[in-house]
Structures are given as structure tokens and as C-alpha cells.
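Look for chain A in each of the two complexes below; its partner is chain B in the first and chain C in the second.
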Partner chain A sequence: MLRNRVNYLGLATMLAVVGLWEALVRSGVVEFQFLPAPSAFGPRIGSLVSSGDLVPAFLHTLQVTLLGWVLASTIGIVLGLLLGLSETAWRYSMASIEVMRAIPPVSLVPVALLVFGFSIRMELTIIIFVSAWPVLVNTIDGVRGVRAELVDVARMLRLSGLTRIRKIVLPAAAPAIVVGLRLALSLSLVLAVVGEMIGNPSGLGDALVKAQQALQPEEMFAYVFVIGLLGVGLNAALRYASARLLPSLAAGGGGVTSP
Partner chain B sequence: MTAPITAPASARAHRPARGRSFPPLRGLLPLGVLLGIWELTGSEGSPYFPPPSTWARGLNRLWEAGTLRPAIGETLVTFGLALVVATLLGAMLGIVVGALRKADRALGPSLEFARAMPPAAMVPIAALLIGYDEKMKVAVVTFAAIWPVLLNSRAGVRALDPVLLDTARSLHLSWFDTMRKLIAPALLPAVLLGVRVAAPVALVITLLVEILTRVGGLGALIALSQRNFLSGQVFGLILVAGLFSFVVNGLVAVLEGYTFRHRPR
Partner chain C sequence: MASPLRSRPELTSVPTSDVTGPAYESHNLSVDLDSSEGARRILTGVDLEVAQGEFVSVLGRSGTGKTTLLRVLGGLLDPTADSTVSFRGEPVEGPPEGAVFVFQNYAASLLPWRTIERNVDLGLEGKVSKPEMRQRTAEALALVGLADRAKDYPWRLSGGMQQRVQLARALAVRPSALLMDEPFGALDAMTKSSLQDELQRVQERTGATIVFVTHDIDEAVYLSDRIVVLEGSPATIGHRIDVDLPRPRHQLATKELPAFLKLRRAVYDTIVDVHGQAGDVA
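Our next item is the complex of A and B:
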């Protein structure tokens, strides 16, 4: 749910955690060779912005994440509607889907790398391949879960196929689909970062790996912080949008399974 | 930033449909046809899409070289350790934030931020801080797998029937007995539901860490095969990873069946 009250206690705890981190690193109680204090990597974000490194990387990751998510969602919803509505199609393909879905998606990243090399196509392919599953499966479940009475109503009103989908099936399946979309969005960001880390040499993931290889922990933490912010931002935006568009969905929160 | 970690409803939304049996087997037809066409038309030396028969040969080569078995073992250890740690930590944290509204409000934004962090981004940090070893792998996987357990435990505590506590009070049960006889059995299904969601996540992240860092396990083997353009081997290993996750899902389903039979009602 959207809560308008500011959670001061929560923000204070956050600040306290950051303060504690700072104090521990400064006083040398925690000794890691590569753990910078927040005061060391915080300003680094600013300098990365002014040096022109951060903004293009951020925009690249954001753009690829959203593009991949939209494509994956479209594929997932369309195929999901098809398989959810047609009993024959479902019967003759669902077992294949279940088997394919069991393959851990990240293990396909090397295949995408083999096939597409280091390119944005490779990044998009892995995003779509991974993020389409939750949308597809949730759409199928949602469509198949539409109450029989609703289907009868549609038949009684002699609604045409498309109208039936638009007016009856989609609204009834919407809660399940939204859950799938939410999972897919966090997966898209993860896979965009993964793709950039090992494949496509651009974006935040690539910048992060380069900072690590250059043994620049301040820069690395700055990028990780920005990636975290992007994750929180995307999640919040989708939550806001779904609460606005589907007020009947009381469910808040993001993907519980966000690998 | 100001919202709680999630509304409890999302825990329900993510509950996998229970009692859903495997769909009819004739649904395997498209996959079979696809693999058949692949086998017949694929060329032996294709660097991209080698036919299924080369997958088996690649696996066999790895098995005989003695690299496949230890790799499976390493993945299994990382996965298992991380899942246990994530379950214990997640349940404890979840119970605390579920029971204490104050703690929930205090920790909510921090947890929300940590949860939204893509696990992949944690890999370089963990590698620099901890080093390229088993501990680092377990740390990253735990970090990713803890959230489903935490959120479900929290929702479980919220949903506890106050009558349970009243019963304990009127029976004059000790704190320990209250925990053991009433609270723990009542919370167990919620925690296990979290584990059910966490297990596949843990497996995926284990492979991800291994692919990214090449520190042992199936993932490292896949990444190395890819680097050497042994595509038959890559596909064979993916198949092994798929079997692995099939077994994990099966075990989790058994666990789930057990929990729901012993659900206190």
C-alpha cells in the first residue's frame, strides 16, 4: 500500500547504519582491505556524474532493462493468453514449458554469449528469455483461473473474441499478471546488470566490473549504490503505477522472489 | 522508501498453486519435435547450436576427465549451506520484524533497499571484501535467498491467532513450552513456504556467482566451456543444471506436501 506518512524511524535507522559503518571503518575496528567509508564513496557519485561516466551508463542500463521488460512482458502476456484460453494449446505445450522453465535461466547466459557475442542483442536476449517466464506462467494461471460464471456472462452477452479478452479475461486475470510483471521487472534489472558484467561492455554492470578490476573500491561502491537506487526506484514506480491503474489490487510489495 | 517491506498480501500472491499436478505428458510433444529437428538438421561442429548428441558427448568427456562430479558437489555445497543460513537468519529476522511493529518500521527502509539490490551487483563487493572463495559464494547466495524466508516468516507472525497466546497464558505454559508447542508449529508452514520460494532462487544465484567469478561448481564449468567455445559441452552442462533444479523443485514440493499435511488447524 502507498503510505504517505514519512517513516522517520526507518530513515533514522538507515542513517544510523551508515554512521556506524563510517565509525567502524574510521576507527579501524573493522578491517577489510577494500571497505571504504560512506564518506569516501558518497562524494564519488558526484564526481562520477561530473566526469560524465555515470549518466550514460545509468541511462544505458535503464533503457535496456525497460526495453527488455516490455518485450518480455508482451511475449509473456500474448503467449499466456493463447495458452490460457485454448485448452488444446495448453494440453499440447504446458509440459514442455514446465520442463524448459526448470532450466536455471542464468546458465543460458553463456549460450547467449556464444551466439550473439558482446552486444546489446545478447543483453536483450537474456533479459527477454528470463523475464518472459514469470509473466507467461502467471498469465496462464490467471486466465485459467477466471471464474466460470464470468465466462458464461461473456458467452451470454455474445461478446466477440477480442472484446471478451479485453472486457472479461484481462481484468479478471490482471492481479496474477501484475505479480508476473513485477517479478519480471526485478529480473530484467538483474539480467541487464549480469549481461553488462560478462557480456555487453557498457552500462552500470560493466562500470562496476571495471571499477573492481581497477581496485577502486570507492568507485565500485558508488556504482553498487546507484544500481541499488535504480532497483528501488523501478520497484516503487511499478508499485505506484499498479496501485493507480488497478486500485482493486490491494497487494503491495515487490517480487518476493527477486534473484 | 516509506512503505513497509511489503504488504503481507504479496506473500499470498506468490504462493505457488498448490496441488497442481504436472500437466499432461503429451505437452512434451513440441519440445520433443524441436529437439528432433535440431538433431537432424544441426551440424556437428556448429559453434552456436550443436545437436543434442554432441551434448551427451561433451558431458561424457567431462565425466571421464573427472571434472563433472566435483563441480556438481561444489555447487551442491554452496547451495545447501547458503539455503540453511538464509533460512535461519531469515526466519529470525522475519519473526522479530513481524512481532515488533517498531522494529519493522525501523528496519523497513534499510531492508527494502537491500532487497532491491540486484544480487549480481553484490558479487564484486563480496569478491573484494571476502575474496574469491567458498565463503564469498555462500554470502552472496544467502543475501539473495534470505528475502522470501524473511517476508513469509514476517507474514506468518502477523497472521498468528491471538487465541494461541491466550491459550498459552491460561494453561500457564512456560515461555519455552509456548514457543515449542504453540508458536513454532504455527509458524513452521510460513517459514517453509519461504524456503520453497528461496530454494530455486538460491540455486540460480549459486550458478550466477559461479559463472561470474569462476570459483568452482557447475557455473564455473559452464563459463569455462563457453570461453573455450565447447558449445556441446555448454549445452550438456545446462542440461545438468536443469536436472539439478528439477530435483530441487521436486524435494521442495515434497517438503511442501509434508508441511500442509501437518498444518496446525
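Our next item is the complex of A and C:
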């Protein structure tokens, strides 16, 4: 069963914040040269859509985010399975993983820029490099956390190696992997926008920077708002998909009653 | 609720083996397990022979190594190098074909993401055809009285029901040997006696060999052909008691036989004796 309840309290808080913002700017209590009220930039979204500026940028960012996320997730899951299942592989690679993880992702942007130039490949590279980590680490944790009892069940029923991975290891690790996938999706959007702001000149990130440079605060905030919406939408879609695919997760984390 | 064991579809018999020797045979079986002070010997010099079709119960106080012994017999745990363990004449190296477990920790032994039905399917998938799998799973679930919960998830079931799912999963495979670790410990008296009788009937029909760990002396005497008692630390088989009660056995009639009462008393004395000794040693 899916929890489709609307969080009314959360929604009310959000509306209150927007209302407060509107009130503060209008009443002149808060006054910055480039801080528009929500009522001022809200309609700009509509005009950006009709001018044809918004949709291609939106689609570009969406596409890069999803593509980067899928590639990062695939790499993370496959490597994670390998490292999680093989004690040897884990022992050899643990140190490198710890070191590589510690590199602040943004510091790789200039590197990727130099290697790939202003291109979609550069955007994808930084997305993958950053987003694969949470998937990898969570997959390893999930795989190593498969209960010994389930491994015994697989062994006594004589399931072959691949069958064991497919029927026992992956589903048992799925809750952990999904956590990784969700982190990765948020990161992918962030990195896509960052990549567009400083690297590949297209998409919402690029549009945002151009609006800022053109001293168009309403337009800038309109883009910020759209990026936020995209993030919320992607997260909700993934939440919905994982709840559909993992019924035991949706129904209370597979709460197994203990003996 | 009515007795969960109303319907009793026939499970056809296991492929009978052409091996005539014992089902399980262990010589000088010892097991070392890791402990905080390094390797610790848990079992030592266990010599056990279980004939095909025999029902052997393993008794012993908590922590003596009953589960450990079962795991070695089932190929889930390696004994020391100088031990020999064989199943139907073949040395046990990993879980052999035809022997299945009913684990002590039932809650952790079911896949929470699969329905009851699909949990029972697990041992059959890829080994029998789809229709046969459907039929065997349905039969096994009916046998343990869970036909109406087939589509439910295990974590929605009570502990006793979960244990019955494990039993169904084991029976669906039509094993030639069952290794059962306190399978009825979590059940109420009614369900327990129904399942005890069902297990006897399954064994009668299929000729399966059963090694059965329990704490319940009545249960051990009622079900077994032979009882072995693990005792000491490291543990070994300290007593072997033949249970030559007539079969088929009945919950009331058999338990009223003087021979039953005598055996029960003998086993009880053995266990109490063992406990006394262990207390002295400690």
C-alpha cells in the first residue's frame, strides 16, 4: 500500500513562509535591490515558458540529471555488489575508496572541464563521479548486511551463485540501495546545475547564471524556483517507484517480527 | 480457529535412494568455533549414525551445541579436519542435495519481501515446472494449515505461523532428510501436537530421515526412534536411548503406555543427571 497522504502541515508552513516573504518585501521591511517578492517572479515562469526559454533548458537539465544518475547508479550497484560479496576485493579497495570519497566533488569540476571541455560529457562525468559514491557505499553496506540466516537458507536450498544474488542478496540489500539511489538523485541534480553554471553552457544552471548577469532578479528567481520544483518532483517520483517495486519497504520497512 | 490441519493432500514420496547404508554417519566429529578467546571447541568426538528413515532427536541444555551439530550434518558448517561426516555414503562438503533445514530462528529465515507462497516456492524455482511448483506449494501450505495465507507476507504472520511456513518450504522440496532445529518450540500445544502427527505421517509416507532438535522431553520420546543427549563442554553424545514404542503413535494412547512413561522418566533422569554434573564441573 502506498502512502499518498498530503502533508497538510508541511504545506501550510511552506505557504506561510512564502506569504511572509511577500509581506516583508512589499511592506519594505526587507529591502534589497535585487530581491523580488514571490508575486513578482511567479508570473515570470509563465512568460519564460511562452517565450520558449524555459522548456529546452528544463529538458536539458532533466535529461542530464537522469542520464548521469542512471549511469552512476549502475556503476555504484555493480561495483558495490562486487565489493560487498568479495572479501578480497573489499580489503584491497577499501583504502582507495575512503581516499577518493574525501575529495570534495566540486574540485573535480575544473579537472573535468580541462579534460572534456564545455560539453555534456563534462557534466555527466562530474555527476557520475559524485553520485556513484552514495550508491556504491550503500550497496556495499546492504550486501554485507544480508543476514547470515538468509545466506544459510540460500545455501541449504542449493541456490547457485547468480540466483543467490538475484533472489536473496539484491532484494535484501534493496532498502539500503534505495537510500543510496535517492541521495544520488539529489546529488545528480545539484551537480547538473553546477556543471551548467560553470561548465557546459546550457540547461537551467546556465539560464540562471545568464539571468543573474543580465540583472534580471525576477527571471533568476523563476529559474531557482523551477530547479527546486524539479528536485521535489524527481524525489517524489523515485519515492513512488521504490514503494511500488518494494512492497515490503512501503509497508513498514519489512518489519519482521522477532522470535 | 479450527485445527489448521484439516486438509491433508498426499505428498508423493521422495525418490527412494538406492543407497542402503545410513543416511548420516559421523565419526570423531569435532567443531571449533571462534570465541572472544580464540577458537573454542564446541563439539568433540561425536559418533553418530542415523539410519535412512530413522527419527533421531537431539536433546541437551541450551548452548551445548545442538544447532552446531545440525549445521555440520547439513553441510553449513565445517568440522575439524580429522572429523568425518557423510550423508548417504558421500562426504558432506557443503549442503547436499535432498537434505533441508528447518531453522531455529524462523523469523530471520523467511524472505520478508516474498509472500508466503513465494517463500515456499524458493526451493522449487528452476527445479520443477511451474504447474508442478504451484501444486507442490499449495499442497505443502495446506499441510501446515496456511493455504488461506498464501498471498500474505511473512511479517504479517504470528511466530508459530512463520515456523509453519518454514516447514512447508522444507516439505515442498520433498527431501530425503529433514534437519529440524526446535521446529515446534514456538507453537501452542494444539498446533504442536497436530504438526507432530503430521510430521510422523509425512515420514511414514516418504521414508524421510529426520534429525530433530528439541528441548521437550515428551516430544522427543513421542516422535523418536532414538534419542541422543549432548552433554559436557565441549559436548559429545553422553547418552543414547532407543525408543521402541509401537508405530503409528497417537497423542493420547501412546502417551499412556507404561513404556512411554518409563522412557520419559529415563530421559528425564538422564537430563537432570547431566545438569547436576554440569553444575558440579562449573
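By definition in this document, the second predicted complex is superposed on the first by the 235 of 259 C-alpha atoms of A that agree within 3 Å, B and C clash if a C-alpha of one lies under 4 Å from a C-alpha of the other, contacts with A are read in each partner's own complex, and residues count from 1 in each chain.
Here is the rule we go by: a contact is a pair of C-beta atoms (placed from the backbone, for glycine too) under 8 Å apart; a residue touches a chain by one contact, two chains touch by 3 or more.
Keep in mind it's a predicted model, so treat the numbers as computed, not measured.
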item	value
Dominant toucher of chain A (residue count), chain B or chain C	B
First, second, both or neither for A:99, with chain B first and chain C second	first
Which of chain B and chain C A:91 touches, first, second, both or neither	first
First, second, both or neither for A:163, with chain B first and chain C second	second
Touching partner for A:78 - first (chain B), second (chain C), both, neither	neither
First, second, both or neither for A:110, with chain B first and chain C second	first
Touched partner set for A:20, first chain B, second chain C, both or neither	neither
Chain B versus chain C as contact partner of A:153, first or second or both or neither	second
Common ground on chain A, meaning residues reached by chain C in one complex and by chain B in the other	251, 254-259
Residues of chain A touching chain C in the complex	147, 149-150, 152-153, 155-159, 163, 167-168, 171-172, 174, 246-248, 251, 254-259
In the complex with chain A, residue positions of chain C that touch it	74-76, 94-95, 97, 99-101, 103, 105-114, 122-123, 125-126, 153-155, 158-159, 162, 173, 186
Chain B - residues contacting chain A, complex	1-7, 9-14, 17, 22-31, 47-49, 102, 105-110, 112-125, 127-129, 144, 147-148, 151-152, 197-198, 200-201, 203-205, 207-208, 211-212, 218-219, 222-223, 225-226, 229, 231, 234-235, 237-239, 241-242, 244-246, 249
List of chain A residues in touch with chain B within their complex	1-7, 9-14, 17, 32, 34-35, 90-100, 102-111, 113-115, 141, 175-176, 179, 186, 189-190, 193-194, 197-198, 205, 208-209, 211-212, 215, 217, 220-221, 223-224, 227-228, 231-232, 234-236, 239, 250-259
